Amino acid sequence: MNILLRLQELFSPLGHLASYILAYIFESLFLVIFVTISLIVMIYVFRKYMARIQQRIGPNRVGKFGLLQLIADALKLVGKENILPKNRDDLPYKLAPAIVFVSLVLAFTILPYGDFFYLGSFTVTHSEVTIVLLFGIIAIMPIGEVLAGVSSANKYALLGALRAVAKDVSFEIPMMLSVLAIVMMASARTPSSLSLESILSSEFLPYGILEPIGLFVFFISMVARASYTPFDLGESDSELVSGHSTEYSGMRFGMFYMGMFGSIFLGSLIVSILYLGGPSGPVESSLGFIWLIIKAAILVLISFTVWLSMPRIRIDKFINFGWKYLIPIAMINLILAGIITLGWGL
Amino acid sequence: MPSSEWVELNFGPQHPSMHGVLRLKAKLDGEIVKEIEPVIGYLHRNAEKICEMTYFNDNLIYFDRMDYVGAMNMEVGYLEAAEKLLDISISERVKWIRVIMAELSRIAAHLVWAGAYGLDLGMLTPFFHCFIEREKLLTIFTEVSGSRQEVNYMCVGGVYQDITEKAIAEIEDFVREFPKRLKDIFNMLMKNDIFLSRTKGIGILDKETAISYGVTGPMLRASGVEYDVRKAEPYLVYDQVNFDIPVSYKGDNLARVLVRFEEMRQSLKIVEQAIKKIPDGPYFNPKAKKSLMIRMRGEGDVYARTESSKGEFGVYIVGDGGVKPYRVRVRSPTLRNLSVLPELAKDVMIADMIAISGTLDLVFGEIDR
Amino acid sequence: MNYTVQVIGESVGKDGRKIIKVTKENFLDLMKDLKNQGFDHLSLITGVDRKDFMEVVYHLHSMKTNEYVVVKVETRDYKVPSVAGLWNSANWDEREQYDLLGIIFEGHPNLKRLFLPENWVGHPLRKNYDMKKTQYINMDEEGNDYATFDERGGW
């Protein structure tokens, strides 16, 4: 029983179709609110954590412990003038931040969140092929970055977009290869091995224990995709000013900013679902959602620590790393996964 | 690829990693920098002309604003020349005070550099740790002079006020605590593989090129030339303290980083000795104190070179017997260090160009004057 | 040090540095001679406007022997042979002196202004420079600076 069905029950006097439509609308609304709130919490935690690492206090003026700082910042961003470059390509320029943000929120609708007491699961989309859907949507996000870079008529932005393309090409492949390994292993135990939920329900050990190499490759790829400091080549601020988001201001910039934090959160959620057992905890309960969030939060903190303690890697070494190390490692992981699967089959 | 297909890109004058207002006209072939041409002058206020219009003692504030991150090195440099020109001697105590302040300023300047270099490579955290340490130094400067950065502490004939007991206690605290903190900052950078991969073997400056371009200071010493004005032509009391000149023979970014870090340790060593050795005596030579109507007059020409945190800082003053200098010429070490950048950053990646220009330790108050 | 070139005179300055005065004709030969004797570090080039002539002062230093020598040359037509071919550091130094004092260094590979915009009128460090005339700086489409006397033409 998930939230969707409960909502549909609530609206059932209105008729079958209308109740489903309303249920989907409300559920999506829930999800947008959930994503926004978790992003705000994350950015607050990030700023406090960063401040502690750098021996500062961090936000402490707006509200108690600076809790309202992010609201104030968001209001500032919304209230800011949108400065538009003169030679921009208008439609892609305006579309790009929306693509980044919308595809981020879309990706959140697919994840299996696990139960949360009597409320049930948050998940909106139920399908047999959620993995394909999820990684398809994830692949859309960089398109927004590339569009932003190409359409804003700025050489820094263009270079940032080129770097973003190079980065994505070299890191989607190992990412998909390590996902493939999981699908392969799950196929031995479940007929619908492309569905995240059945992968979760069929596992007897978290896949991170069975294939730590896959976890390593996938986590690195997720770091690269979220593009924070060791790999923030697309917007390396000391080289390319701000990369693809150079010409953006106001809420459009805010969308890129949220997109980046959202990617970190999304990446942590996906890693904990695929490799760390997702909603299943040490004790059987209806608290799956909480377990998932705890796992993701730990990964998020690890990501922040990496972010704050690393300098930026150079683009050629980064691409080399992707092609020369990660892809072969992912291949080896795939072979190991095959061996394990065969063992199960016997 | 023909040069017509290269992309021309301006880095600066407003750019996050240009340390002020440097503008680099770069010709790019994709990610590779083919040619760069530094364009400077955005902070030019012609301090040399202003100095010709002001009295000898008042010129000092314009020198404070040259290397604004380590202002007292500039004051020492100017006073070395001005006091020789005006025939004014200073007491032993003043010499020791000046040595302490110059070395503390050197540490302050290098800390700014270390933090900013982390930022250049995309590393946010060391910056704050460096500035926290620098803040302690600025507190000491406030205690002795009343202001933080552009201190205007020294004057012709001595210093404006004697160094206080409280300041000495603060300096002693700093000397005691700083080595550990410096080690933390050092480890933060050096125990990081990405940092090493960004600096090792990149931007190699060989000895002959360095000397020919007039490169001095830590950059020259990182290229294997053991030249430090404090040893080559000791001024103040540098011949009475015991310290070493760090030299590296690699000449790459990493060598320059290491030399600067070692220099901070050596400066600390000098301060430690100076605090113990500082003698009693007057802090000001009354001969320099003329009434408002009778000003000091100087004749002849004097060139004094001192070792600032960036390199050989020279001041050449020509006097014609008037109350104002006839001509003041400043040898800015960073200007020469910058002039070697087109040689270093040829056929490197954009990221390396930023990493190389970070090790030059550019301060635009001094380059543009 | 020994040099074969004819010089006007030798003296010791107030700061204890050896000063060699030389005519403009013998100047380049002397500099080549000094460079060959190990003065590998050209510390500073200074132009001093003596109102009726221009004095150019070169501070030379030898990294190996730690010797120091000052060469002075006088010019009445504001022209001096360039030493940019001998020391690379002379390149920007001479550009700076050309910019601020209007000394033309003959044979310099790229004698452009260093600090001021290319069309700036006058040389600020000259004693007869008119400081009352304000020049405003603006930037063209290419990003290069230019100077103008028009009050509204710049900032």
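Chains: A, B and C, in written order; residue numbering restarts at 1 for each.
Heads up, the rule we're going with is that contacts are C-beta pairs under 8 Å (C-beta built on N, C-alpha and C of every residue); 3 or more make two chains touch, one makes a residue touch a chain.
Remember, predicted model here, so these are calculated numbers, not experimental data.
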Touching subunit A and also subunit B, the following chains: none
Greatest separation from subunit A - chain, by CA centre: C
Per-chain Cα centre nearest the global Cα centre, belonging to chain: B
Distance between the centres, which are taken as Cα means, of subunit B and subunit A, whole angstrom: 46
Subunit B and subunit C, separation of their C-alpha mean positions in angstrom: 24
Computed distance of Cα centres, subunit C from subunit A, in Å: 60
Subunit C partner contacts - residues on subunit B that touch it in the complex: 10, 23, 40-41, 44, 46, 48-49, 52, 81, 84-85, 209, 211-214, 225, 227, 232-233, 300-305, 312, 314, 316, 318, 326-327, 329, 331, 335-336, 339-340, 368
Residues of subunit C that touch subunit B when the two form their complex: 13-15, 17, 40-44, 46, 48-49, 57, 59, 63, 66, 68, 70, 87-89, 91-93, 96, 100, 113-117, 124-125, 143, 145
Contact set on subunit B toward subunit A in their complex: 7, 9, 15-17, 28, 30-31, 118-125, 127-129, 132, 188, 192, 194-195, 197-198, 349-352, 354
Residue ranges of subunit A in contact with subunit B within the complex: 50, 53-56, 155-156, 159, 162, 229-230, 232, 236-241, 308-317
